[in-house]
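So, here come the structures, one by one.
The same subunit A turns up in both complexes below, where it pairs with subunit B and then with subunit C.
This part shows the complex of A and B:
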């Protein structure tokens, strides 16, 4: 088991390396000469060519791609330095550190609320034999997921901030500021999550051994929690953890609507400004999150399905 | 599965959910949101000055803080010479234009020129100090002007600057420059203390100006906090603290005002014209409109077919119904582009040089060039600009109008970096952008658009060049006699309207709004708000 976990961690680091290469190469495919954009920043007139060349040398844009990448990676590994934002001239680490808590809080709270909404509904829809109830829950989930999150957000602001004046529309200074953004996001996401939980539960519920368990006279709560839910948790957890990764990577739409300075907005602003160092830094962070989540999912599999260890030992699963 | 226990379980989970929500609902430890009082019915009149101060027998109490919502971040830090936008009045300039766009003394008390206008001597007001306690001296002024010249916008005819004494300096020019005071208004002569530049490595440098407000705090991408400068050399502001709240989404920006979380929205492009009806119908809000110096131009790639053909460009200009565009896309809050330069520059506008609307003539001209053929052109829009102004809708109207001429327009909206790249690489036929003639002097306009080396002319591959225009511009810029100068610029405008390398679509009318408890907040023609006079009645 220990060896498998170590292998997973090393694989995760490899994924991170691949992500760093992809991020580095991808951002440089965007149109626009970054040296020209940086030189012209804050100027009305065109920057003189000698200034553009100086900036090109300063930021290393005159070197080959491999050399640029090597220098960048070296600084990260040995100095923990992600470089400086070309947009704000501040350290990329500072930019990310100032935006990250906002997105993390929003993501984690939204995840929790989404689970609270979708787990009972998904479980109920999965186990019930009442077709009407199942269909009603599915329709509700489908409606939630179909309504665009920005529309939900604007409606909630209009009702609770403008009309009723019980909640604030912008900012994140207090707990009250979190209610509307979390509500908008979790209502939207619970639609999908409910469906995922429902499908997994339903699939297991219809297996012959579940019917057999009922026929044997086992208590229904035991059938649901031990024989149905536990095996269904594997695919459910995978889906939920991936959603968690998406959430803590920042939600640009919610952050823009509610005027939060989160990492989603930071990424989009950096893309618009061709701020390569910040884009790379954020993509590394996002990649790291998903690499970690992959490791967590694999560890969860080991815990929930002990046969995985044996299968891995025989090389039958990754 | 029907079982009462299961139903109880669901109810319990719902109860848990509600409990969880209540944990999130905390009372703030201090007021962060200004509650908007229930106001009386107020008639909202656009284009009128804000209502006069309320009179009362007892002295009204004023709120300490005003929150202004805006749609762009006005703090620049190290990325721009000025560090912060002039609207915030942390820094001030040597000169500032009045309502007739004539440069007026501000930090500079007076100025005079030699006979041939090649040497201008400026005298500073005495006793002005920056927020860090240092004095505004001639040396500091010269350092600032040189910094702006090198890092922001160059003075085209600058030779050198020399300090004469503690409060006097002279600018020497390579040729006669009668419009030098106009070229030094506002951003072009912003004064910041030397210690502002000593903040290398500081994440959020503090701009130390001389203005009525001190820079206190910047929360990245969220807000700028200003406090009253108690040692201000002029009339001190009424309000103690102003917070500029950056709210990128236009709908949320208005909703925040309606909910009372902000007190005003006052900046160019911060209110979409379509929101005007909502504001007018809200009894707690007042709506105002002001003509500003911004004009929205359509420009051509004059270097390649089909718009290397002057007749076809004229046809396009004639086909555009500017009045329709103003009525349909900005709800009447705009002035159709009937003058090449902003209509506010009354002393320079040539009323004869006016783009006309004549669809019949337009078709005839297009026919004479294209015959029965049709051409495909690309209209490239900057997405950031299209988010602030209705360029998408304007492009669609133009697309519709040009179809009758045999010109099939493909509209592409691209993000800023791509837009700059495409225009620099000649990958467009038509585009649009706003331009603010902030100095009020037409040479400003020529520097950007009409000179071959003009900022926009070269940057956007407009590629306009005309020897006669160049000669006229050179004559006008150094002409001492104002009447003759006006004649030159009048002729230049007439030629440019004729040749149509670019054409005005409409002149901007900026909307701004505030709670009915806020008074004396106005925007001027360069959309600088009157922060020194604004006040808000307390609850």
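This part shows the complex of A and C:
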């Protein structure tokens, strides 16, 4: 078991290495000369060529691609240093660490609320024998899914911030600031998760052993909690954990509308300014989070489903 | 029974929307970008069924032409990513052994790429616009579908008739086209439909933020963004494109539920 986890972690590190190479190469394919952009920062006129040349040497843009990558990776591994942002001149790590918590908070709170909404609904729709109730919950879920987050956010701002003036629309200082963004995101997301939970539960509740459990007179609640829910938890948590990763990196639509300084906004600003070190840093950092989530999913399987250990032990891929 | 009715109705309505957006010229006599200040902000009336916007452009016409962009690029995106995924999965599962391992690993790596962030980076590398957006999103999306499809095809390959076909000397390409693809068609259609629905969301969201179409071209997400400052007095300018997005996605999902074998 330990061996498998160690192998998974090593594999995760290898994936991160690949991400770092791809991010590094991709960033350098962007049109526009970063040295010129840095030189022109805060200037009215075009920067003189010798200044551009000096900046190019200073930042190492004149070296070969491999050489640049080697120096970048070396500093990350040995000093834990992602370099300096060419846009704000602050360390990239500081930039990321000041904006990632914003996205993480938003993502985790949204995730929690989404579960609170969709778990009871999905479970109910999955186990009920009442067809109409099942269809009603499903249609409600599809409607929730069909409303785009940005449209809902704009409407919520209009109703609660502009018209009724009861909630703030911009910023993330207090708990009240979280209400509208979280509401917009979790309504959309809960549509999808309700469907996932419903179909996982439904699939199991139609199995013969569930009918047998009912037939032998077990209490209804026991059949649902022990016999149905427990085996359904594994596929459900896999699907949800993947969604968590997307939520953290994908909430930048909400971040832009509500003017939150999250990781997505930081990336967009950095792309506009051709801020190579920050872009690379963000992609590597979020790639790391995704890799971690994947390792967590694998561990979850190892703990909850003993047959996985056997499969992995025989060298099969999951 | 209820499911049949809902599904068939959804599919029919969806077909109407697709047709209207494919041939907007049949339903309107206006140009989507024709400015007419004399008629700006007219409420929905007989000449302009959905009213006009701040430049006097006919909203119904812009909805149709905007739908052509939104739906057209979503279809392309869904088709592109499902196609790449299907080919990749079929080859990977069929070759098996070390090649399968390698191709699965590549998909695994691509899966942990923060998709939306990489798509944004790709868009900025290609020139900004709808075409780049579709290409970028297709490139970050296919690995997810490939993983699902590969699993399906892999279990299909253990079927006895495939062993028989191989024993009869069928070539790999023949087996992929004759046996594997027809047997996974339903799954591919479902994936395509789900992908189409989520493509509409991505395309309109990113256009809303200004990453897709360039003004003054109509697109549902971009139209909603343009209507934001006018929401207070002219809510219909946002209401109609918003409804169009919601209804199209909803109808797609409902039709899919109907097609699903039970």
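As a working rule, the second predicted complex is superposed on the first by the 314 of 318 C-alpha atoms of A that agree within 3 Å, B and C clash if a C-alpha of one lies under 4 Å from a C-alpha of the other, contacts with A are read in each partner's own complex, and residues count from 1 in each chain.
The rule is simple: a residue touches a chain if its C-beta (ideal position, glycine included) is under 8 Å from a C-beta of that chain, and two chains touch if they have at least 3 such contacts.
Computed from a predicted model, the values in this text were never measured in an experiment.
Shared-chain residue A:31: touches subunit B and subunit C both.
Of the two partner chains, subunit B is the only one that A:182 touches; subunit C does not reach it. When the shared chain is aligned, subunit B comes close enough to touch A:88, but subunit C does not. Of the two partners, subunit B and subunit C, it is B that touches more residues of subunit A. In the superposed model, A:158 makes contact with both subunit B and subunit C. Of the two partner chains placed by superposition, only subunit C is touched by A:135; subunit B is not. When the two structures are aligned on the shared chain, A:201 is found in touch with neither subunit B nor subunit C. In the superposed model, A:256 lies in contact with both subunit B and subunit C.
In the superposition on chain A, subunit A positions 30-31, 154, 158, 162, 256, 271 are in contact with subunit B in one complex as well as with subunit C in the other. Listed in rising order, the residues of subunit A touching subunit C in the complex are 15, 18-19, 22-23, 26-27, 29-31, 131, 135, 138-139, 142-143, 145-151, 154-155, 158, 162, 245-246, 249-250, 252-253, 256, 264, 267-268, 271, 279, 282-283, 286-287, 290-291, 294, 317. Taken together, the subunit C residues at the contact with subunit A in this complex read 2-3, 6, 101, 104, 108-109, 111-118, 120-122, 124-125, 127, 197, 201, 204-205, 208-209, 221, 224, 228, 231-232, 238, 242, 245-247, 249-250, 253-254, 257.
The touching residues of subunit B, counted against subunit A in their complex, run 1-3, 5-6, 9-10, 13-14, 16-17, 20-21, 23-29, 32-33, 76-81, 151-154, 203-204, 219-222, 245-249, 251-252, 255-256, 258-261, 384, 415-418, 420-422, 455, 458-459. By the touch criterion given at the top, residues 30-33, 37, 41-46, 87-91, 94-95, 98-99, 109, 112-113, 116-117, 119-120, 124, 127-130, 154, 157-158, 161-162, 165, 168-171, 173-176, 178-179, 182, 220-221, 256-261, 265-266, 269, 271-274 of subunit A touch subunit B in their complex.
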